[in-house]
Amino acid sequence: MLPDLPLHLPPLHLAVPLMAAPVGVLWRRPVLAWGWAAVVSAVTLLMAVTTLVTVLGHGPVSYAVGNWPAPWGIELKLDILSALMLVLINGIGLLTVLYGRASVQSEIQASHQYLYYICYLLALAGLSGMVITGDAFNLFVCLEISSLSSYALIAMGKGRKALTAAYNYLVLGTIGATFYIIGVGMLYMVTGTLNMADIALHMQAAPVNRTEVVAIAFLLVGIGLKLALFPLHKWLPNAYAHAPTAVTTFLASTATKVSLYILIRVFFTVLNGAPLLASHLWAEMLVPFAIAGMFSASLVAIFQTNIKKMLAYSSVAQIGYMALGLGFGTVNGLAAGIIHMINHAMIKGALFMAVGCAVLRIGTSASGAVRVESWQGLGRRMPLTMFAFVLAGLSLIGVPLTTGFVSKWYLMMAAFEKGWWLVAVLIVLSSLLAVVYIWRVVEAAYLRPALPGSDTSRCEAPLSMLLPLYLLVAANIWFGIDTRFTVDLAQAAASALFQPVTGLNGGAQ
Amino acid sequence: MITMVTLIDLVLFTLLGITAIAMLRIRDLFAVVMLSGIYSLVSAVIFTDLDAVDVAFTEASVGAGISTILMLGTLALTSTKEKTPRRQSWGALLIVLVTGAALMYGTVDMPAFGDAASPINSPVTDRYITASGEETGVPNIVTSVLASYRGYDTMGETTVIFTAAIAVLILLGSARTTDAPVTPRPATTRSLELRPILRAGAKLLIGPILLFAFYVQFHGDFGPGGGFQAGVIFAAGVILYALIFDMDRARALFRPAVTRPLIALGVLIYAGTGIATLFFGGNFLGYSAFNPHHPAHGQELGIFLVELGVGITVSNVMMTLFFTFCGRRRP
Amino acid sequence: MSWTSLIDHAIGHYNYWVCVVLMMLGFYIVIASGNLIKKIIGLNLFQTAVIMFYISMGKIDGGTAPILVDPEKVSGPVVYTNPLPSVLMLTAIVVGVATSALGLALVVRIKEAYGSIEEDEILAADRASDAKEQAQYAASAAQAAKTEAAQQGHA
Amino acid sequence: MSLLLDCLSWLLILTGGTFCLLGGIGLLRMPDFYTRTHAASLPDTLGVMGILGGLILQGVNGGHWMSVIKLSLIIVFILFTGPIATHALTRTALSHGHAPVLHENRLPEQQPVKKDSKAGRKRGRKK
């Protein structure tokens, strides 16, 4: 008897990459391992798109694992936002696998490449698992799958600094995860359930309780650490700078986004309608941190000589924008945050991919290849790569006709709607800082002479890397001009999140 | 209300606090590792006292056993002294004090310890206690919740262990490992071989340890235990053999070529059981579908299978971890 | 609040307080210690304390371990301690040992790469190599600019 | 019969407890590694055996035969592991040149409580 697969898609989003990883032990040859990862990513992307279509057509999906109804069993819950996240994660995943073959070949020793792909599949499984689950503790388990595999992926970077970066990420990430389970434990203590919607129902009914307040604070700090929200971002720049470029691309465009997704879940599903949220204090508390992050991280980025590190600091700043969207605490603000989350995944994905192309061809030491000086004269040597970098950079700055402009536009609209004029001005000002640091790279590549002794012959990255790169750049332009898809979806997702939670088992909307 | 349990609890908790403070102050890492083993053991006693026998079992075998061995292996490869004097880090102290104060503030509204009326003893728990016996046919509620009601979590847990093994193989699995027999072997190992009493004692113990592992694996439905504890105990038996007799001989018995595929196999058994239920018409991991006429029998079969998967993965991961850490040559 | 109720409160929350103190001891070791192994040990301490916190909340006075007993063998109803925290914490222990194994493997590799497991020494080594690289690249960039200027002057 | 068993069991438990306590005191008060190991092995053997023996009698008294069997097995295992562990520990110490502090090689001014192992080892080698 064949199962009705579309009906059972929710658990398969986790189970398929999770089972593909151990099977991957069999394919030791790098080509086979790569092919396997690519096939699995394509399948999961297909599943994710199917789920998104289903959710858009028929409303949120709820799935009782093991036939145990929530709150006794674990419930998987897919609404528009989680389906959107699934498409984002798996889409970026497929692109980085396709892109990563040449990059991984040059940066990771051949005997370890199959382990790299296994770890990638595990990270994919963990991230998908976090997005689909409706259970607060199950989220922690999936978080650990993705975290452990990310630590290993980062440690695979060339050079010893990758090891210390992975170690620091491990320590801070574990503290974050532990804070998260302390928070979940306290919520469980006062509500007696682990199902997010069920927790929300209990909290709606009960008066404000000091244990709940502390629990939410711990959840915030724990997720903030994983999200690298300023000032909890200390692990991120080094981790991104020293990881293999394919890993940086994947993590920068998915891992922090999923952390933001958890934050949204806590604010809008767990705290849904609870007396705690009445003052919107929690969301607004994010605003000062978000703005401080936007400025301080951008300023630090300006003074970086390591391009990967510069982009990593820029990520911290961009996380500030997303958190700011959440901090408005309005439907439009949340929508703006979600829009920027999607757009930033595309922007940073493209930028890091371009960096990877350059690293492949410059080919000095791990840290040498990403120094601004090494990039001098690169405009003539790798015109296509640099052109992509410039386009993605423009999108990061927020020039009209790019996705970056769209997200900043909606953020400013949300600020105006709230009457926060100063915040709107600050958004523009901090975007100017991005001009400075992107310009430094562009200047080096196009206007400065190449370093003595370096190869100046024209040498473009292989097509297998350029194609995914240009696909993302094209997406940046496409969604910058035709904003319907992202904006409509984000607004639908945001307004769905503002619906009160009224019951379990799919009755959330 | 002061009961005997509360009293024992108070004493043990105080002991735990003292151990933790000693761990903070001592700079000899060897002593700190030993203290952390003691800390785990005392925690295990407290867990038993608090009726969490499965957790106690796991903490004793993992915290006091495997963790300590891994740490000792690391010490052997690095150094046993903490060089930098403990910095008087006021920033760290401030962070910790603020966090601690927040937690203390949070305890104010917590239900009292041992209170049967506290919210966590809610309908969710009620069903586990009253209905799990009939629904799953497994008397140990922890096992039935772990493997069935929240089996999806446990699948994730098995994957976490698998991930750790892959990660450790990435980091330590090549270059410096001693695949060929090391010559000459360090003096301590050789002197160990000359110890008839130790060897005789170990010979007598290893058999029962391995047997006990199987007992724990298959008796986990009825008493404390299950795949995870069984896996750790089995690995502990092998580790004992490797420590006292010979690393190379142990590795020849449990070759990486065998253990590594088995790690993957365990995860596949678990997730495969989930997929199999789909073919029987149930939801993912809905074991009842295995036997539509007697759902409880289906549950028993499913729980047996996934526990087997957990046991296979965990035992092989633990052995792999041990061999990778302790097989690495000192730099 | 009367004295007796205060004492009752203290006894009812002593467990949680000790757990908090243990958590904070572990947390302090993690963030204040400069030794990489000790940090991992601190993480273990922290996590074990959290486990204890969960298990404490599951305990019921007069309860017994959540393994069903044959109702015919005992007289009267049996109170079982809450099994759910145990289940959750079994998972947490596994996650904890996985994390510390990975952390320790990283420490071994760091020792091999840097020759040290002290945070200060590693930072110093990194700083030294950074400064060297910085100087090297600054020099070559300056040289490149000079050559370019000379070429333009020549033209 | 049952009263007799009960008394005997409590006697055993108390004896075991006393040995454990003595072991603890000895661990703190003894001068050097070897004597301390000796003290530490007391709770491992006599202490545990006393307490478990007492518990076995309780089990016999109450008819919990499963517990009696399990407790007896524990005694057997502890009887194995305790002395072996102590033996391995002391032999390793001895083979690493850790000499016992004997009466004749203790300096008169040295406090017996401050067992300085390094000083002890040096003098041990001289001998």
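We just call them A, B, C and D in the order they show up, numbering each chain from 1.
To be clear about the criterion, a residue touches a chain if its C-beta (ideal position, glycine included) is under 8 Å from a C-beta of that chain, and two chains touch if they have at least 3 such contacts.
Worth saying up front: this structure is predicted, and the values here are computed from it rather than measured.
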Pair of chains with maximal C-beta contact number
B-C
Return the distance between the CA-based centres of subunit A and subunit C, expressed in whole Å.
23
Chain centres from averaged Cα atoms put subunit A and subunit D apart, in whole Å, by 57
Please work out the Cα centroid separation of subunit B and subunit D, and write it as a whole number of Å.
29
Mind checking the centre-to-centre distance between subunit C and subunit D? Centres are C-alpha means, answer in whole Å.
36
Residues of subunit C touching 2+ other chains?
23, 27, 40, 57, 84, 88, 91, 95, 98-99, 102, 106-107, 109
Would you give the residues of subunit B that are in contact with at least 2 other chains, written as numbers and ranges?
103, 107, 110-111, 118, 120-121, 124-125, 128, 150, 153, 156-157, 160, 163-164, 167, 171
All pairs of touching chains?
A-B, A-C, B-C, B-D
In the complex formed with subunit C, which residues of subunit A make contact?
137, 140-141, 144, 148, 151-152, 155, 160-161, 163-164, 166-167, 170-171, 174-175, 177-178, 181-182, 185, 188-189, 194, 305, 367-368, 371, 373-374, 376, 448-453
Hey, which residues of subunit B end up touching subunit C in the complex?
1-3, 5-6, 9-10, 13-14, 16-17, 20-21, 23-24, 29, 32-33, 36, 39-40, 43, 46-47, 50-55, 58-59, 62-63, 66-67, 70-71, 73-75, 77-79, 82-84, 86-87, 89, 92-93, 95-97, 99-100, 103-104, 107, 110-116, 118, 120-121, 124-125, 128-129, 132-133, 139-142, 145-146, 150, 153-154, 156-157, 160-161, 163-164, 167-168, 171-172, 176, 222-224, 228, 314, 321, 324-325, 328, 331
Which stretch or stretches of subunit D touch subunit B in the complex?
77, 80-81, 84, 87-88, 91-92, 95
Residue numbers on subunit C that touch subunit A, as the complex places them:
23, 27, 30, 36, 39-40, 43, 46-47, 50, 53-54, 57, 84, 88, 91-92, 95, 98-99, 102-103, 106-107, 109-110, 113-114, 122, 126, 133-134, 137-138, 140-141, 143-145, 147-148
Note which residues of subunit B are touching subunit A in the complex, please.
102-103, 105-111, 118-125, 127-128, 148-153, 155-157, 159-160, 162-164, 166-167, 169-171, 173-174, 260-261, 263-265, 267-268, 271-272, 274-275, 278-289
